[in-house]
């Protein structure tokens, strides 16, 4: 692990997080948004693992939390896509900006 | 109308009950395993492997099997038995026979075909021509390897159709003897009754 | 390609697909299209599209002699030619009032029952092939079917296109050697049938797939004119060999197997029982084969000169129990050697009418085996 | 046994040879490259001769000869097939998504080759002795759903989309019971590494292979059914069911791309039965013969059983497929973990009686629960 | 031997740039199916990265859960919602420019923070190689409560997804 300074990996996960955030904000398709959220979660996971390896006392905590984060990500995708399916069935569209009943 | 009740209910044909869930499938596996093992030593006719390696070995032809028609000549190909009467041309269901009667120089029809073509690509091997021919001159062959690169090659002219009587004896011995006997009898009857009007065309009882 | 369901696909919610199980599909037993509206896996609507194999046979019969057309009837139900010849020849004999000698009738029944065994084995084999058994049951069934086809070739000259029946009898006689091979085959077949049944009848996957799929209730079967094993599998006791007692069927005692629920499994098992019954009839017919000529003396001359066979003006309809159902020939004669009109009542075409009622609501995989279980042959449907 | 480590000595010999000429790191690199090359050569060769073995065995089951024209007993038939696949024109449908259509076969082959990494071919002959061996195998075999989707979606044809959906649903629903069937083995051998799993089954003339324990037998049956489902072989070959969907997700593929799909399917069959041998049939453990002969013998025996199944079984329908996995195999595998737990806690004799009874009882309970699977008894009337 | 470590370093950087490229693909590509596949490639790249950090259990779990299960559900959703013709409509809404500027500002701030803080890299942690047993015992002893809560959350999500997505069966 000493091969790469910690800063480089953190910069990398920051960039990954930024790309995910950009994707979430700009994509019209809800599935596209869900995919970008996955990217952000993964960026957080990388940070967890890197910190666990370099700085924390008990090295397992990072990886255990990473496993929990993956489980939560699976939950978000499952429920998110169930909503997308129900939406598609009733409205025939899955574009975020077309689903605007609440807007006046 | 529904006959469910009217017949005697045969218990025998009640489907056997299955001892446990996987039993039927296991019996199936046993049957295939048995077939797999016995295929190594069982003889062909009681369930062993009966495949024939085609180009090297060949199944013996049955005598009565009919493939494509051919013309018979007695001595030389120039004198076929066929007299170009055209009955087979008329009776052929798919109209694949074309006959042309020969004429000598001053237009008198000779009792010989000038041209006799059979279109093998049309023929459906029904054997009607053999039945209706009064002069026993057209018969069904056993030869089935007639693939050709071009449809024109399947239009067989007379020279290709003519085959000797000995060939006819080789592929269909029983029918050949019966027909030869009939022709000999008709010839004697005709010789005996030469003064009288020649006997009607010989009836060849099909054996 | 104009779509029959254009408006339905737009309106419906969910994943409604319009699929063509097209003319060249591996399991439609020939050239036949099923235009289906599918929602996910379940079928909403099925429209069979036929006519790809129409060869205009009935029109051809109008300028052929009666003996000439017998060769064409072989090509209607091309899996086994004998039942087609049988009903056409029966119709011609009824038209001209020709009676058939004893020996000829026995030979006809022997050949008809052999053809029934050949057909049922092919059908059961192909049905199981659709179910996915990688050819094993099909090849076991075909191993036995080969013996019968050899008998046909030895006797009639061709394995499947027999062209063997003639008006007033049959073309050639059944010699001792043929009888011996038939007896040997009849002795060997039950052993094969038991092995076939152990492989399949209690097979759990076959039961899961075939039981309660494609149920045909007796009422719809009778109303849509279904005949043959498909009708008997629904429990309706209608077998033309029993009702009409045509030819010599009155003399032989045999049973008619009936199913109860009328699903794919019953149609499969009724056919297996029918093979056993046909063997039964075959043994009785072979035992009771009398001596005598194999064709009516008067009509023997017509083989040599078909033009002289001029049936009186009039019409006749004769029907027989072909392995697929009631196969009937209606012949209208105007006194000339060629029939004025000759129409065949093809069981495959009419059995198809119930396909939609059976398929709606089932899965795609079931539609294929339902089609396989009602046993259609496109040569007969399109004629 | 002098033959046992013959391959290991061969490799060591080669490494000493190149150690004389090259620096230290090249030798390390060389040892990795050697095992990689061996796997890359062995995978396709095994696949080719599996296709021949299958066609020969199926032929014999169906009372006919298998291919016997090319080479003596048809031994050159796979070479002929290979050449045919190269020569065949590679048709890409007009509307197809070109890149994904090209990528799908590649992505199918890569995971099936990667699984060879973990398979213990002999004593000390595992390519890389990962300490998460089995977990690596389960992870890699879960990737195979993605290329099936790519293949079916890129061909833009209704049949392949239907086939793709069915394949993915089948893959997922059979992954769960497979993973849970592996858990008791890990409980018994206290490790994930495949080599140590095989060592823990050694000794006693093969009597303490895991298959000879009640939970091992049940686990093996569950694992074997899931393995067959995982590589789309009959009775679970629904995705490419010829009768309905022509060829499922690889309808639009021909030539070399189809050959890659074909190769992936057979390599999956080989690796899944190899892992089954490692987990339940004592890997390379065996009394006299060298270890790798035992391993390859058992694996080919399992592959022959798969071919035997292909010759006999009919095809499941989609809902039976799902019902069989979720309502029958999954609960059985969960109960199996419970039984394995009991097996380790109770003393020897009681353990046998208790667990064997539990296994049989749970089998019948779940059969009772799934009423639809048990065939109905039918009566037929023989009327006159 | 240092050549191998150099090679490993280059490999790590290459892997990182690869993942970033695939992530850009996820965001930028118009065809939704292509972006989903890019996500799968990115996830496999990240699993490779975990291997590089010698967290091999996590790499296997990442591939098993993310690439095996989550990606399949996403592709199922794409297949069910996109009709086969696949004519790609415009995928990006109007806010792309303001979003880009905002995110660029955020990145510069955080990057400056990262580069300045002296990260306390303890030598002991570097050597320790976390084995699967370690994670297993941690899960079962220290983190047993979150472990149970996660299983409850998963069950709730399962039931919720089924109810939302279930189609009221046509009569």
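Every chain is named by a letter (A, B, C, D and E) in the order it is written, and numbering of its residues begins at 1.
As a working rule, a residue touches a chain if its C-beta (ideal position, glycine included) is under 8 Å from a C-beta of that chain, and two chains touch if they have at least 3 such contacts.
Owing to the predicted nature of the structure, the values given are computational and were not obtained by experimental measurement.
Touching chain B and chain D at once are the following chains: C. Central chain by Cα centroid: D, whose mean Cα position is closest to the mean of all protein Cα atoms. Using the mean of the Cα atoms as each chain's centre, the chain most removed from chain B is A. The geometric centre of chain B is 74 Å away from that of chain E, both derived from CA atoms. Averaging Cα coordinates per chain places chain C and chain E 62 Å apart. Chain centres here are Cα averages; for chain C and chain D they lie 44 Å apart. If you average the Cα atoms of chain D and of chain E, the two centres end up 28 Å apart.
Listed for chain C are residues 14, 136, 140, 143, 199, 202-207, 235, 237, 255-258, 260, 269, 273, each touching two or more other chains. Shown for chain B are the residues in touch with two or more other chains, namely 3-4, 6-7, 10, 13, 15, 18, 21, 24-25, 28, 31-32, 35, 47, 50. Looking at chain A, residues 89 sit in touch with two or more other chains.
Residues 57, 60-65, 308-309, 311-313, 363-364, 367, 373-375, 377-384 of chain D touch chain B in their complex.
Within the complex, the chain D residues that touch chain E are 24-25, 28-29, 97, 99-100, 130-132, 135-136, 138-140, 142-143, 145-146, 149-150, 153, 156, 158, 161, 164-165, 168, 171-172, 175, 192.
In the complex of the two chains, the chain C residues touching chain D come out as 17, 19, 25-27, 41, 128-136, 139-140, 143, 199, 202-209, 211, 235, 237, 242, 253-261, 265-266, 269-270, 273, 363-369. Those residues of chain E lying in contact with chain D across their complex are 1, 3-4, 31, 33-34, 37, 40, 44, 56-57, 59-61, 63-64, 67-69, 71-72, 75-76, 78-79, 84, 86, 131-132.
Partner chain C is touched in their complex by these residues of chain B: 1-4, 6-7, 10, 13, 15-16, 18, 21-25, 27-28, 30-32, 35, 46-47, 50, 62-66, 90-93, 124-128, 131-132, 134, 140, 206.
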